[in-house]
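Please find one structure pasted underneath; my questions will follow.
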Amino acid sequence: MIKLNPLTIKKIRRFKSIKRGYYSLILLTIMILVSIFAELFINSRALIVKYEGNYYFPTYSNMISGKTFGLGENYDYETSYRDLATKFDTENSDNWLLMPIIPFNPYEVDLKNDSYAPFPPSLKDKHFLGTDTQGRDIIARVVYGFRIAIFFSLFLLFVTYIVGITIGCLMGYTGKLFDLFFQRIIEIWSNVPFLYIVIIVASIMTPNFILLVLIVSFFGWTNMTWIMRTITYKEKEREYVLAAKSLGASNLRIIFKHIIPNTIAIIVTFAPFSISSGIVTLTSLDYLGFGLPHPTPSWGELLNQSWENLDAWWISTTVVTAMIITLTTVTFVGEAVREALDPKLHTIYE
Amino acid sequence: MTNILEVNNLVTSFQTEAGRVRAVDGVSFSVKKGKTLGIVGESGCGKSVSSLSIMRLLPKPSGVVESGEILLQDNDILQLETKDLYKIRGRKISMIFQEPMTALNPVHSVGKQISEIFKIHFPKMNSGEVLNKSVEMLRKVGIPDPEKRFSEYPHQLSGGMRQRIMIAMALSTEPEILIADEPTTALDVTIQAQILKLMQDLQKETGMSIIFITHDLGVIAEVCDDVVVMYAGKIIEKAPVIELFKNPKHPYTIGLLNSIPRLENKRKTKLNCIDGAVPGLLDIPKGCRFQNRCEYKISECEKKHPDEIEVRPEHYASCIFPEGLK
Amino acid sequence: MSDLLEVKNLKKYFPIKGGILKKKIGNIYAVDDISLSVKAGESVGLVGESGCGKTTLGRTIARLYEATSGSITFNNRNITKLKYNDLKSTKREIQVIFQDPYESLNSRHTIGSILEEPFQIHKIGNKKERVSEVKSLLKKVGLPEDAYNRYPHEFSGGQRQRIGIARAIALKPKMIICDEPVSALDVSIQSQVLNLLLELQEEMKLAYLFIAHDLAVVKHISDRVAVMYLGKIVEFTDADSIYENPMHPYTKSLISAIPIPDPSVKREKTILEGDVPSPSNPPKGCRFNTRCPEVFDKCRKVEPDLINISKSETNHLVACHLVNK
Amino acid sequence: MKLQTKYLLLTIILLTSFLISACDNADKNDDKSIKKPELEELSDDKVIKGTLPKGLKWLTNEIDPVFASEDAKKGGVFRASLRSFPQTFRSVGPDSNGGFRSYLDVNKMSLIEMHPNTENIIPGLATHWAYGKDKRTMFFKLNKKARWSDGVPVTAKDFLYTIKFHRSKHIVAPWYNNYYTKEIDKVVIYDDYTLSVSCTKPKPDLAYIVALGPTPSHFYKKLTKDFVKKYNWNIVPNTGPYQIHKFKKGKNVIFKRKKNWWAKDLKYNRNRFNVDTVVLTVIRDMNLEWEHFKKAKLDTFRMPYPKFWHSKSKTKVFNNGYTHKIWFFVDKRINPQGLYLNSDKEIFKDINVRQAFAHSMNVEKVISQLLRNDYFRLNHAYEGFGKYSNNTIRARKFDISKVKTYMEKSGWKRGKGGIWIKGKIRFSVPVTYSSDVLTERLVVLKEEAKKAGLELLLRKYDNSAAFKKILEKKHTVASMIWSTKFRPTFWSLYHSANAHKTQTNNVTNTDDPLLDKMIMTYRNSIDTNERMGLSVKIQQRLHDLCYYVPTMKVPYVRQGFWRWWRLPKEYGTKSSDDLFDPMGVGLAWFDKDIYDQTKSAMKSGKILKATTIVNEKYKTY
C-alpha cells in the first residue's frame, strides 16, 4: 500500500465526515460501476443459456446466431433471447436461460403492430420506465447514456488537465515570453463562443467519441491552464522551492517533485465540477443534435425527445431525474472535496 | 489607583477538529487607569485570545467564553446585549492589530475609513465637522500632509503610516482603553521606536489605559507599567514592570529573560535557553503547564497547576517554589 | 586567511514591468554596488531594515537570483555567470537557511525525503547510505530518529527550523547563508537555534552570512557586521566595534531604537523620522539623507564612498560624509 | 455558457444592424450609381420587331371544368407561419432561394397557366397561344387588361425584358444566366400585345418552357452592379392576386389582396384568392407552431407526421370540434425519397452487394410499426408521372435469405459479430443524412439491417454540409430526396457524363452504357410516345442496376384547420400541396358566420362536432 501523507489521511477523514458528499461519492461510484457492467443488468443477451446440455454465456462473447439454438436454418443473426425463452417455455425441455433484469439493449427497437411508440411503463413488457419514440427501453438508454457521459467527462478531464497542467505549469514557471504569449492566447481563446464552434465543427464532420473529446477539450483547456499558471506562479516563489533550488535541484525536479504535488489539492477540488460540466456539455450537444452520432444512447437525445413528446411523461421524468441525481451527487462530492481540502468554519462576529 | 478594567477567571475555548480546547484558562488581571498593562508570552499562550474576549470579537460559533467576568467600570462586558456592546466597542475600548494592512479595508480611502468611525459613534456630527475631526486625528498621529493623505488608499502608505492610521482610528472616539495587539511586530525597529513614542505621547495626552500585547520583552520594558506573563493559556506571573525585570520569580520568566541575546553580552557565547517547545493547546501537560521545560521540576509539579501566590507586594507567581528560586 | 567568498560591486535590480506587453518601466535597486568578503569559518552579519536588500543580496550570492552586474567569487571560482551544470558543485558548498520554517519545507514530503533530497540531487550514496546519513543528521540537529517518517506539520517551528538547518548542512557545505533564521521563532526557541548554529559552526568550520534585522542577534553570532540601508552597505566592521563604536548615524539610531529589556535603564533615544524611501526611487546623494539627523548640504548631492577609517588592523568601513572628511 | 450566448447574440445583432445600415447607405447612393455608365449593355440583337407568320392556329381554353366553389366569399385574415424570415425579397440572386420565394412566385403570372386537374393549358397573361412550325416557338396574345400592381399595363416589352434581365451578370444568378441563354433563344415582339418566345431547339412539352413571366422593366430601369444590394428589400410590382403590404424584419410579412386585380374575373380565377389579408409570422419551431395553432394564432397546421395526426391532435380544440382535420389524397409526381448508393465506393461496385443492401432495408417495418401505416412504400424513383411511369416495378423487400444468396454469390461470409465480411472489408456503411425526422426511421432500419448482416453507421450532418459531402461524392450511402420536374429527368441523375465528378447530381455515380444510350435518345426526342416508352424502359434498367433503394412516399395532404375555413366540395385539386393556401390555389374562404358561432361556442365551452374528413378521390393505392 502506498503510504499516505498524514495530512492526506486527515483530509480523507474530513471528507468522510461530510456525510452528504461521502454518500454521494458512494452513490456515484455505484452508479459508475453499475454502468460499467451494465451488460449484466440491462441487455438483450441472456446471461446463461443451457441448450442441449451445453452452457452458453452470451453477455461478453461473440454473437451467437439463432441457428445454434435451433431457431431455424436461416437464422444467421443474433439470437433473440426473449424469443428463445418463449420457445424453451413452450418446448418443456431441459433447456433454459437466464435473462438480465431488463432484457433489452439500448439500441433495440421493440416496436409493435397494434400500438405505437413511445410506450408507457409496463411490467409485462419489462419496459419498467417505458420506451422512447423508437421503442427503445428508457432505462437502458439512460444507463448506457450515463456510461458514455461519465466516461466522456473523465476523458475530457484527463485531456484538459494534461494540457492545462503542462502549459499552465510552464507558463507559471518559466514566465517571460512563453507566459505572455499563452496569456494572450488564453484570453482570446476563452472569448471564443465555444459551443457554437463545436456545433459548427460537429455539423460538418459527425464526431465520434474521441473526436468529440478532442474538439471539446480544444476549447476547454484554458480554465485548467489558467488555474495552474496562477498556482505555479504562487508556488514557485515559496521558500520550499527556493530551498530546493539552493540545493541545486533542476527545474524539472522542482516542477515534478515540488510544485505539481503541491497543486494537486487544488486540481482535485476542480475535478468534480469539471466532470459535471463535461456531462452538461455532452448532453447539450446531444440535445442540439451535434453530439455523438445516432443511435448512441444519450441523455441529450432523450431530453430532445421528451420536449417533442411532452405527453410521454415517462421520458422526461426519467431523464430529468437521472440528470438531477447525477449532477447533484457530483456537485455534492465536489463541495465536500473542497470543504475537506480547505476547511473554513463558517464564522461570524458579534 | 483605580482599576478601569478587571478580568476575572476568564475561560475561553475554541472548537477544533480534535475537540474543544481552552485557549485561555482562568485568567485574571486588571488594568489601571492611565497606565499600560503589558501581556507577554509566546505564540499560542492565549494573550491575543484574552484581548479578543474583552472585545467580544471571538469568531462564532467556534470561539466561546465559557466563564469568568470582564468588568469595565463595574459593567460585565460578557453580559451585555449586542446593541449595548456596540456602544462600548470602539467607543470605550478600541483595538489595534499587528498587521495594519489587513486591518484596513483596501477599497476605501483612509479618510473615508476614519470618517466612518465618527459617523458611527457621533451620528449628530455634520460632514464638515467629521472632515475637520478626521484631518485633525491624522495630524495628531503624526501623519505629514494629512489633507493629502486623507484621500489615499491603504496600499499607497508604508507600514508605519498604516499603523498610525490605525491608531488614529482607534483613538478618534477617545476611548478609555486601547488594546494594542502586537502593534509593532511587523514594523522595523526604527519605525517601532516612532510608534511606541507616539503611543506614549498620546497616552500622556488623553490619560487612556493601554493593554499592550507583545512577545518582545524589550518593548514591554520600555512602555509598560505592569506586566502579565502568560504561558499555555495561564498567567504564570504578574508584577509591576521594574519588579518583574528585577526579581523574576517564575522559572519561565527567568528563562525568557536569560535567553534574549543582548547587545552588551559577549559574542558567540552559549545563550541560556529553555529546552523543549511551547506545548500546543492539544497537548498541555497535567499539573504545572511549564513542567516539561522546567529545570527545577519535581514530582509535585505533575499534580496540579500551582496557584497564584503573592510573592512580593503586587508580585504574583504561579510556581511551587516562588521563594526558593534565585 | 584567504577569502572564501568575495563579492565585488554586486548589483541586483528588479525590473518593474507594466502594460500588456510587460515592458520594463523602471527598476527596483535592491542591491546596488555592494562588495564584501567572508573568510572560511567566519560569520559575517548583515543587518538592516525590511526592504534594504539584505535578503536579495543573500539570494543573489546563493545564485537563486541572477546578478545584474558585479562578480561573486567563491573558493577562488567566479560563479556569477555559471550555468546550471557548472554551478551544481558550488551549490553543494553554499547552502541557505530560510526565515520561515513553515514555508521552506515542502509539506507533502516526509522529513526523510526532505533531508534525502540533497543527496539525491547530487547523486550521493545509495538508498541505505542516505538513510543512515539522514538519521545522523537528525541526531546532529537534536531531533529524534523517528522524525524520519513524519511530516513537517507534526513539528513545532523550532524543530522545523532544525530540519531546515539539517538540510543545509547535509552536503557538508563550506558556507551557509542564514536568511533571518530565527526571526519567525518564539523567543525561548530563538536561543536554542542560535546555540545550534554556533555549535555547528564550531564543529564543521562553517562560514555564515547571517542576515537579520535584529542587531542584537546579529552581533551575538557574527565576527563582523555589515549594516545595510537601501541597497548599500553603510558600515562594515567587526561586531564589537559596531556596537561599541558605531560611526554611521544610521547605525547609531538603529542601536538606539532597539528596546532594551531592562526598565531601569532609561536612555536618550534618537528616533528617526519618516520612512525608508522606496528602493525604486532612492534619494540622490547619500541614501540616508532624508532621515539623517545630522544631514548637511553635501549629503544631498554627493554619495559618500565606503571608506576604511580604522587605524588599527581591523577594518572599519563607513560611508558617511561626516566621518570621511 | 449563457454569457457566451449573449455575446454571440450581441455580435449578431451588431452585425445585422451594420448590414442594415450598409443597405441604407446603398439606397441613399442610388442616384449617383444610376448616373454611372452601365458596365455591360445588353445587346439588342435578339429583339426583333417581326411580322407575325401567316396561318397561325390561335388556341385558347375556356372549356375545362372550374375547380373553385361558387359559394366562396371574400374577406378574412389568414395567418400562416414562416420558419425563418427571408434573407431578401428578391427572387433572383444570392439568398433568394429560401422558403419565402414560393410566396413571391405564386403572385407572378405566366403567359399561360396549367389546369391543376386536367393539366391542360389555360389562359394566363395571354388569352391565346399558337405553336410555330419550327417546334421551338410559340406565339402569344396578351390580355390587354393585364396590369402590374402599380397600374402600369403589361406589354410584350416586359417579356423581352425578362430575357434581358435574366441574362444580366448584375443579378448574380449564373443558373438563370445560363438557362436564359442555352434554353431560351429569343422573344420577338410583333406589337405591344403580341409576341413569340423561342427555345434554342425543338423541345417536348414546349408550352411549359416558353411560358415566361414578365419582368417590370419600368421598375428596374437599368440594371447596375449593385443590383443585389439595391433590391434586397424592394417590393417588386407583380401581376398576381396579392402583393406584400408591409413587413417587420425578422418578425412578419403581410400580404394584401388586390381589390381590383385585373385577372379576378377570368374564368379559372373566379371564386379563388378569397382572403383579404395574409399574415406570415416567423415561428422557428414546429412545436411552437403547434401551440400557436391550438390558440388560433395560426389558421391551419400541416400534420403529415403520424405523431401529430394520431396522438397529439387528441386535444381539446379537436375534441370539441373547434378545429377539424382533413386527410386529402393527391395524385402527383412523387419526390424520390430513399437511399442513394455511391457506386464509386469499392463496396458498392458489386451489384450483388447493392441488391443485398436493398433487401436488408426493412422499410415495411418502419412504415407499419413506426409510421402507423400512414406512409406508403415507394417502388421506384419516377412514380406519379402518368404514362411516363413504369408501374410494374416493385421495390425489393426485406428478405434475409435473399441477402444471404447475394452476399454468398460474391463470396462474403458472416463474421463473428454477425456482419458480413470479405477479407478485411466489413459490410458496414455510413449513411449520410441531414434531416432530424429521418433519424428515428434510420435507427429502425439499422437495427433490422443488423439481422441481415449489414451495419449502418448513421452520420447526420448539417443541411449544407450533407449536401456538400454528397455533391462531392464523398458519401457511401445518402439518405435524401430529390425534387421532381414536370416530366421524368434522367440525364442529370443517372447519365455517365455526370458520374465520377463533383458538383453534379449523379450522386450514385451510375455509369451504364446501355442506360446512357436510352437517356440520350429520350433527351433528344420530341415524340411524346417514344419518350414515354423510353422512360418506362430506363426506369426498369435503373431498378435492375439497383443504385437506389426507394423508401416511402406521402401521397396526401393532412391538415388541421379552424372550422370557419371552408373548402369547395372537392376540397382540393389533384396536386394540392396545401388545401388552405390562400395565394397558391386559393380555394379556401373565410366564413364569418361560422367564425362567430365557433368563437361563442369556445367562450361558453360548448362542444361542437369533432370532424375528420378523409378524401380518397385521388388515392391510387
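Order as written gives the chain letters A, B, C and D; numbering starts at 1 within each chain.
By our rule, a residue touches a chain if its C-beta (ideal position, glycine included) is under 8 Å from a C-beta of that chain, and two chains touch if they have at least 3 such contacts.
Just so you know, these numbers come straight off a predicted model, no measurement behind them.
Student: So which chain ends up closest to the centre of the protein, judged by Cα positions averaged per chain?
Tutor: Nearest to the common C-alpha centre lies chain A.
Student: Whole-Å distance, chain A centre to chain C centre, using C-alpha means?
Tutor: Centre-to-centre distance between chain A and chain C: 55 Å.
Student: I'd like the Å distance between the centres of chain C and chain D, where a centre is the mean of that chain's Cα atoms.
Tutor: 88
Student: Could you put a whole-Å number on the gap between the CA centroids of chain B and chain D?
Tutor: 90
Student: For chain A versus chain D, what separation do you get between their C-alpha means, in angstrom?
Tutor: Those two chain centres are 45 Å apart.
Student: Multi-chain contacts only, two chains or more: what residues does chain D have there?
Tutor: Chain D, residues with two or more chain partners: not present.
Student: Using the touch definition from the top, which residues of chain C touch two or more other chains?
Tutor: Touching at least two other chains: none.
Student: Specify, in ascending order, the residues of chain A that touch 2 or more different other chains.
Tutor: Residue numbers touching two or more other chains: none in chain A.
Student: What are all the chain pairs that meet the touch criterion?
Tutor: Every pair of chains in contact is listed here: A-B, A-C, A-D, B-C.
Student: Which part of chain B faces chain C closely enough to touch in the complex?
Tutor: 42-43, 158, 160-161, 188-194, 196-197, 215-222, 224, 241-242, 245-246, 255-257, 259-265, 267-268, 270-275, 277-278, 280, 293
Student: Flag every residue of chain C that touches chain B in the complex, lowest number first.
Tutor: 49-50, 156-159, 186-192, 194-195, 198, 213-217, 219-223, 239-240, 243, 253-264, 269, 271-273, 275-276, 291
Student: In their complex, what parts of chain B are in touch with chain A?
Tutor: 15, 17, 56-62, 82, 85
Student: Residues of chain C touching chain A in their complex?
Tutor: 20-22, 59, 62, 64, 84, 87-88, 91-92, 94-96, 98-100, 103-110, 117-118, 121-122, 150-151, 153-154, 164, 167, 171
Student: Quick check: in the complex, which residue numbers of chain D touch chain A?
Tutor: Against chain A, chain D makes touches at 1, 4-5, 7-8, 287, 306-307, 310-312, 365, 368-370, 372, 400-401, 404, 414, 416-418, 436, 439-440, 442-444, 446-447, 450-453, 457-462, 465.
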